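By letter and in written order, the chains are A, B, C and D; residue numbering begins at 1 in each of them.
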Amino acid sequence: MSYSFGKNFKVTLFGQSHSKGIGILIEGISAGYKINRDLIAKNLDRRRPGKNKFSTARCELDDFQIISGEVDGITCGAPLAFVIENKDQRSSDYENLKDNPRPSHADYPAYVKYGGFNDIRGGGQFSGRMTAPIVIAGSIAEDLLLNRGIKIFSRIKSIGSIKDVEINLNNIDEEVFYDLKNQEIPVFDEHTREKMGSEILKAKEREDSIGGIVETFILNMPAGIGEPFFDSVESVISHAVFSIPGVKGIEFGSGFEAAKMTGSSHNDEYYYDDGKVKTKTNNHGGVIGGLTTSMPIIFRTAIKPTSSIGKTQYTISLKNKTREKLNIHGRHDPSIVPRALVAIEMISAIAILDLVMEGER
Amino acid sequence: MSYSFGKNFKVTLFGQSHSKGIGILIEGISAGYKINRDLIAKNLDRRRPGKNKFSTARCELDDFQIISGEVDGITCGAPLAFVIENKDQRSSDYENLKDNPRPSHADYPAYVKYGGFNDIRGGGQFSGRMTAPIVIAGSIAEDLLLNRGIKIFSRIKSIGSIKDVEINLNNIDEEVFYDLKNQEIPVFDEHTREKMGSEILKAKEREDSIGGIVETFILNMPAGIGEPFFDSVESVISHAVFSIPGVKGIEFGSGFEAAKMTGSSHNDEYYYDDGKVKTKTNNHGGVIGGLTTSMPIIFRTAIKPTSSIGKTQYTISLKNKTREKLNIHGRHDPSIVPRALVAIEMISAIAILDLVMEGER
Amino acid sequence: MSYSFGKNFKVTLFGQSHSKGIGILIEGISAGYKINRDLIAKNLDRRRPGKNKFSTARCELDDFQIISGEVDGITCGAPLAFVIENKDQRSSDYENLKDNPRPSHADYPAYVKYGGFNDIRGGGQFSGRMTAPIVIAGSIAEDLLLNRGIKIFSRIKSIGSIKDVEINLNNIDEEVFYDLKNQEIPVFDEHTREKMGSEILKAKEREDSIGGIVETFILNMPAGIGEPFFDSVESVISHAVFSIPGVKGIEFGSGFEAAKMTGSSHNDEYYYDDGKVKTKTNNHGGVIGGLTTSMPIIFRTAIKPTSSIGKTQYTISLKNKTREKLNIHGRHDPSIVPRALVAIEMISAIAILDLVMEGER
Amino acid sequence: MSYSFGKNFKVTLFGQSHSKGIGILIEGISAGYKINRDLIAKNLDRRRPGKNKFSTARCELDDFQIISGEVDGITCGAPLAFVIENKDQRSSDYENLKDNPRPSHADYPAYVKYGGFNDIRGGGQFSGRMTAPIVIAGSIAEDLLLNRGIKIFSRIKSIGSIKDVEINLNNIDEEVFYDLKNQEIPVFDEHTREKMGSEILKAKEREDSIGGIVETFILNMPAGIGEPFFDSVESVISHAVFSIPGVKGIEFGSGFEAAKMTGSSHNDEYYYDDGKVKTKTNNHGGVIGGLTTSMPIIFRTAIKPTSSIGKTQYTISLKNKTREKLNIHGRHDPSIVPRALVAIEMISAIAILDLVMEGER
């Protein structure tokens, strides 16, 4: 039933792709915080479709209104309510989908869940468009984390078979991290960027789509954040990240590689670095026993190829119980990875802030 | 902060490895349910250490008491409270750990979180022993799911580099699934079982440990269970599974492979099978848009190698800020994978039952 | 922190008196419910100020928009989001209040809580205006209860020293109850209505205000709803009712009279009436041990006199720490009792529906 | 469904009158707190039955065990679990109640709610005995409040028609308050104490029972605690207090008297007292707009006469649908007011601490 996430920094999502508006409520921000509209605008812009050749031509203006919670841009202690009006919607594109559920879309299970009353237009409440309000709330979370010195960055680790370079976090300038936020295809290596671009365009030309992996880094986390068992840092982050449409897997630190390793090679040795406790390696990915160690939190998220493709597919008619040819018109991203990256980063910011605030109590 | 999980079938965990007892509270069971003590006993037995050469020689009797919630074995509507008394604890084994945090254990972050007041004995509230009460609650969840025809099985997909065979779910007798629950090393292929056994013993001989992957199957799920966004089926299951100590990653259906795939090969085509909606492939792993499709839920969990190893390691002295040699005595599993499998299966039962009950409202 | 109420029928309130809008989110309504706009309009109208001589001349049009959660007036399973735009606000009326907290208003404690950043305009998030969205959600709850045959009515039991007649529920036609919903001053006795009207106008002439008691009846409740201890029916209703500004006390059934009674006179004897279990008296007010008995739930709510009065008062200057004369301009109800009655009825509908839905699980 | 209360200081109650044990879990206490066993023992002693002629002769030893959450009496950050073993139970006393629901007891609605599977022995999960674990948790809350300088006291305001004197809080030594905690019948006036004692004994002689009113004072509350609307201080306290069996009403400050008052007489004027903001009167009872003002919180709770009386009563046979004579044997308090006072005080401590901790975030 719940469209809410978080205990201390609590967000509640509402809207459908083609309802009057979509939005998000935020509870838990102290009165007196100056809303960072620039950061919200910047992150919305990173997520926005139609801004380049790698993404759909749909134009979502994402102009948001603040309905409540502030006076002259400063929070007043009441819940912050953001609403984005829905415009530029072509509802007719989706008419035939009522009977013919699209493969890999929520159409069929939603039809069962809601007894046929779900809003089919544009994917309804399952639409990727719902990540826009998440980006708004995530931007505020990112800003409140920045005030504490905590930073979140992400890169595309791979698109199809194209992989970005392996990196050593210790050798990277913060500049390089910040630059990721300005790139259409955020990777560390220039050549990889080009190759990934061609890979996406190749999928587009074939009226097909392509998946990829996003890697997220959370820097400057204090130690001792998180809880044993049910509210482990990994539990809370994975809960958040699997909310984002298209996510198929998540791994922390060594991740699935750990399954092949021995304890003696996997255990990260502690040492003192200038008085601070660190580990020589970071197979643990910044979290042990559900708690942060102060080492960077590193996790990777697998994203499936966009479900909507131009290629002819087959599905069923729910009415006639027959096989049906399906041609999906409309405009779609050949790869959702670059935009999913922003949604993952932003929802992680929400999850991390919630954990950090819990630790500050 | 929260030691609770679930909304409809809600469990609350308490205890430390060496406290007077450990236990779990269960809320949300209707009055009139006959507690299946046999299933609890069987699953506790599967999880129990010391029963074979692959696991630690520690002996946890896991005799549980039902403090409240029932009359003559039938629930009465009050919370069910289970307590396992703690015996056979060698507290002295852990004396030197106060100053020397063990690599890959929660010792150091717990020290920071609790200001040094955490219970260091046996890992305190971070102990793998805490999964025993989870197995109790999970057994009840499994029983309540069985009453609805829903079944959960798991196998070891790999130990180190040894992999079990690929399978086609459609070709497997239910017998074969059930047999997994009787095996010390639950795999589909006999030869793999032997090889995995040797792999674990090899690690043991070297006073080292080895990781692995667990694969879990949830059969006969109705369609339309789960919620869009924050309470997606994957969100809820991953939240639960990352509670289990040692988990490094989780993936559903195609998982990380999806990142390399195109939409046209990844999309699962719907068809009617004897009047029931199914998909020809199951890359989606039983969940689309956060909702079940009625296809089997399939997920894989990466488990790290046991953190406690006999081999000499190095760590720090928190007091002296020096490097220290560390020899961990006591008894430890050369691989936690076989026992973690039970904990993962049981906590998944809790998560799934909670989702199913939400869907029945 | 929480602006939410309810577990099964969950509402989340947002807005301030003079923010861009105020609104409410509703989660937990099944897809396929036809929103009863007429009932919403009727209840908003009952609550609306400025409609007669007993209430403030302010004009709140209370036109609401449904931002999400429906398609063509039918719920689709996504959260229902209602927004009322704020118009006709005279912000300047409140300028001087920043320094001079009004007696019996939240100004001073809100100033402390929010460090001076609270929205002082029109009472901010403490405004009685926030009950308008509660009436919207309450109307939907009332409609969903009516579908189950459960009805909620309220009358004014007293205004100042004027009391309505004692009644015997068994002798009252349902017609009479329904008529309460059409009255500006809902009482059972015509003469009382007139006397109460004069009492209110007398207070108005003196630029003063007057308190009163509201009595609420919930009919046709099934037995066995509620929980022992923390979620007793009285706990949940009182929690809800004390949310309404101006409430000073609540009592169920015999209420404070019970303190003077003996067990032999207070205990309600069970009997069978046409096969149904009833009690001869209803001192228990429809609830025993936190659970409903199927007898009518009856409770009375004490409402304080309106805090804003025209008469000159004294307060402090927070800046100068001096005593200050205070003249409150603007438009205010001489008695909030008639409008608070609607808010109490509506929030009770929310609480009752939540309890009933819990019982249906 | 929920047996939990509180967000920051969260308690979860379990047990039935005749189950193996009863107990309470506490989450939210920082590691490093030394458990005040003396205060727990003292408060349990105040609540204990059988200690004088005003209460039942049952003997509940209330020896509690701490199952988890501490090491050597100091909290370690894990949930604190308390269990009281159930002894001295005469289950046979309750045999005949299965078919004949006792008036004013939860027997009948519980029978409906749990389909006949509820634990009828000693009132099961509805038993007043369940307030013993509440007293344990409340004592810890009281101790944590005392560490903040916040104090809670209660007196009996009336028993039947016997009333204690009116008091002026400003004129009372703290000594006098503390003395309330040592009295069997805690009142301010000696003569009243005697008269109340006779009133209770008179009821006892007649095999009847008598009700009363408890008045609770919370001193030294900081201003600005609580939330607008759903988590108003009154909402949270009343929610808690109505959990206690036998409570029929609650009022804050002027309470039901407010209904007869005018705004000009009810509004409490602010003034500066030695640099601190106070009000000249305290009709608001320490709370305005749901928030504390720093004035004492004062509330009164109406308690019904004990439901179990020796006098012959009549009820129904659920089996035969006939009228039946009912004689309740066993041992019962002629007035639960003195013991309910302790439960009210203790659950208020829990509610207040939870609110205060929320304010400290």
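Miscellaneous remarks
The criterion applied here is as follows: a residue touches a chain if its C-beta (ideal position, glycine included) is under 8 Å from a C-beta of that chain, and two chains touch if they have at least 3 such contacts.
Keep in mind that what you see is a predicted model, and the values were worked out from it rather than measured.
Set against the Cα centre of subunit C, the chain with the most distant centre is B. Two chain pairs, B-D and C-D, are weighed by contacting C-beta pairs, with C-D ahead.
The mean-CA centres of subunit A and subunit D are about 48 angstrom from one another, to the nearest whole unit.
A separation of 26 Å divides the Cα centre of subunit C from that of subunit D.
If you average the Cα atoms of subunit B and of subunit D, the two centres end up 41 Å apart. Counting partners per residue, subunit C has 1-4, 7-8, 13, 78, 110, 113-114, 125, 228, 361 as the residues that reach two or more other chains. Those residues of subunit C that touch subunit A in the shared complex are 1-4, 8, 10, 12-16, 19-23, 25, 27-28, 31-32, 65-71, 74-79, 81, 83, 110, 113-115, 117-119, 121, 124-125. Remark: subunit C residues 7-8, 78, 228, 357, 360-361 touch subunit B in the complex. Of all residues in subunit D, only 1-5, 7, 13, 101, 103-106, 108-114, 125-126, 130, 158, 160-161, 203, 206, 208-213, 223-232, 234-236, 238-240, 242-243, 245, 247-264, 266-272, 275, 277, 279, 283-285, 288-293, 302-309, 311, 313-316, 321, 323, 358-359, 361 touch subunit C in the complex they form.
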